[in-house]
């Protein structure tokens, strides 16, 4: 079974040289820590920076330089700042090659719910609806089950949707799964996790091939 | 009767302090020469400059700094350059207070035709359609009649339209006329021109008040 | 030469702001917010306001200050967490909230400033954001029709500005400020540095002065950081 | 670090351009046009091209060079004067011409790059531009629906660019270049100065490198002036 960093490590393997990548808050943010040396990837933060770097050294933080999680950050050489309309032009116009974001629920038709729980305080969707509606390549990073132990991979989402039919791949603490033809397709098992455990933790339709390799995570 | 510079001088009287003004090619361009000292006006050229200055001194011309007529220009202190989308955001968004442009025909309902003569080479509308569709304050600068002596102020335009119901005021070599309630309203006579001459040169419906003052042009 | 847009301070800048108006306020979180104008709006005690802003500040800073005084009737935002008073007013029904996808919010402000009354976007299709909105397919993909947003007053914060109203923002403090500057019937810019016309490089201006009606030099910027995240420094001996 | 977008010259940059493709080319008149890429397109002898460009050059420069060789099947522009060969081909029916209001052209390119499939504009309502297009009233004013434009390749010209593809334009040579850079499936930037990543101030970049797939340093820029208008200098003794 993977921890959050393990999920991030596995997702980092999906990244290709030269890609522009938008990482959501939470587990997705950790993906930046596992990009292999020598791979040239630029991180976009939708509040208006391309070429986001690591957190600043103590004392170097700048109130005018934050990411979409409102954290102080730095800019890499070659970075560029822009306004919010231009930022979402990049996203909506499919110039960002990969979007990684968290979810409360994912459905076997690719629907995603990650912004609202009826009866609870609604904080808003931020940029998530724009991201999922437009990105060609969306990976959801999340735990396979919620705190109550219920599967987050469902036949249909029960929560209000963020986007429809958009998720292509899910990486959880248990598995890598692709979504196509209205079903989850098991691609890889997390180290030490059995196919049976994944089947038990998945509420939606799950297609299991004969051979399900274990993830290769260094 | 006014010459082209006279028309420009009269239109310059319409300009107010602090206005942003877009001047079309031809007579409208001359308006910039007659803005009174101390009046602060900024000229927008739709190819991407606000704060357009006079032609450069010989030898100072810069291929990268032109106006919408493709003429070399200079930039005033406080000028700003921008792209074509932003330029037309200014125009369409009604941030430009006055547009002055030429016309082949103007109709008594405010329609204007200034871009196309069937059977002749069509050069295109450039930015004229955007300008006339959006500007709140459009003044047409033109000769009252065409080279064949026919009126350019018509009941209805015969040429393909550039915009509908948009012209508010026309300044010609003979008169200042307002357009409202489906008619031309005579406002001022050019020096030495009689009401009868204006009536004779106007094909559209012309409302003539009892008193038609002569233009005051220094 | 352009007319000077300079006013003496936030009080003069906010002249004419009245209860019941729709205001736009730039900023993302607490980054790039018009601090001085917000302070003045609190002093003015205008209320029943509709505020269009990506976020709603925190309890004791940014738009949170207006929420504390119950000056806001409606918020139009994309994300409104980090604010207990906001949550209380929203759950009690005192505060109306219209949540909009962040990219649609940015584009709707730009559209308002650019004379584009409406446009199609894929964002929100199939979600409650699409309820009551026209859906149309382009290239086989469904989109929803979103309309332009404008405001009686827009408040923006820039790093530098000149007397003609030309603005330059710093780093990610740019965010929503340029679009809101375009969309205000009256746009008020507060700046950290106010310079004479002709000082800014005309090639490096982010917001042309034509979009700005009033400009003033803000005083006493706090520029609060919402999430201070840092890496520890190595000790000198390891450097 | 961003991947380097640098290619060695116009030949490498134009790799993949084929007959029948749709191309966008930045510039206004002869100002800010991608001279080196146009020269390469002539050498490549690709034809049956659809070219989206505000203007069509003059007889012996700019897109006029492609027209001379009859490489263009269709022009999408706002103004196409100053070009006798263009006129001849258009009147003879060899060349198809789609004339678009300049602001709509700019906005349609931006929309293409920004994932906005269509938007409403008042420009052209009641004229032949509106023929066949949906008309809808907003705030009582009729608007027409205009669709996004994209291109197989977009060619833009910048003043400075870095290896990551970030671009800075000079003065009014910016014009259509930024929107076309956004709207190209493959965007090729030619620059007068090519600098290392990190050299340009991130606050002063006009086109973020994400919109640019290839960049090269152009050689031998002619930068021809279409209308040289000047004021005479006073003689020294009067100075």
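The first chain written gets the first letter, and so on, giving A, B, C and D; residue counts start at 1 in each chain.
Please note the rule applied: a contact is a pair of C-beta atoms (placed from the backbone, for glycine too) under 8 Å apart; a residue touches a chain by one contact, two chains touch by 3 or more.
For clarity, every value in this text was computed on a predicted model and none was experimentally measured.
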Comparison of B-C and A-C (more C-beta pairs in contact): A-C
Would you kindly tell me how far, in whole Å, the mean C-alpha position of chain C lies from that of chain A? 28
Approximate Å spacing (C-alpha centroids) for the pair chain A, chain D: 36
So what's the Cα centroid distance for chain A and chain B, whole Å? 55
Chain B: positions in contact with at least two other chains: 49, 75, 81-82, 85, 88, 91-92, 134
Two or more partner chains touched - positions in chain C: 107, 110, 114-116, 121-122, 169-171, 202-203
Which of line, ring, star, complete and other names the graph you get from chains that touch? other
Check the chains against each other and report every pair that touches. A-C, A-D, B-C, B-D, C-D
Given the complex, residues on chain C that touch chain A span 28-32, 54, 77-81, 87, 90-91, 97, 99, 101-107, 109-110, 121-129, 159, 169-179, 206, 223-233
Chain C-touching residues of chain B, taken from the complex the two chains share: 17-18, 20, 40, 42, 44, 49-51, 75-82, 85-86, 88-96, 134
Interface with chain D, chain B side, in the complex: residues 45-49, 54-73, 75, 81-85, 87-88, 91-92, 111, 121-130, 133-134, 160-165
Sites on chain C touched by chain D in the complex: 107, 111, 114-122, 138-139, 141, 143, 147, 168-171, 202-204
Partner chain A, residues of chain D touching it in the complex: 1-4, 110, 112-116, 162-164, 166, 182, 197-198, 200, 202-203, 205, 208-211
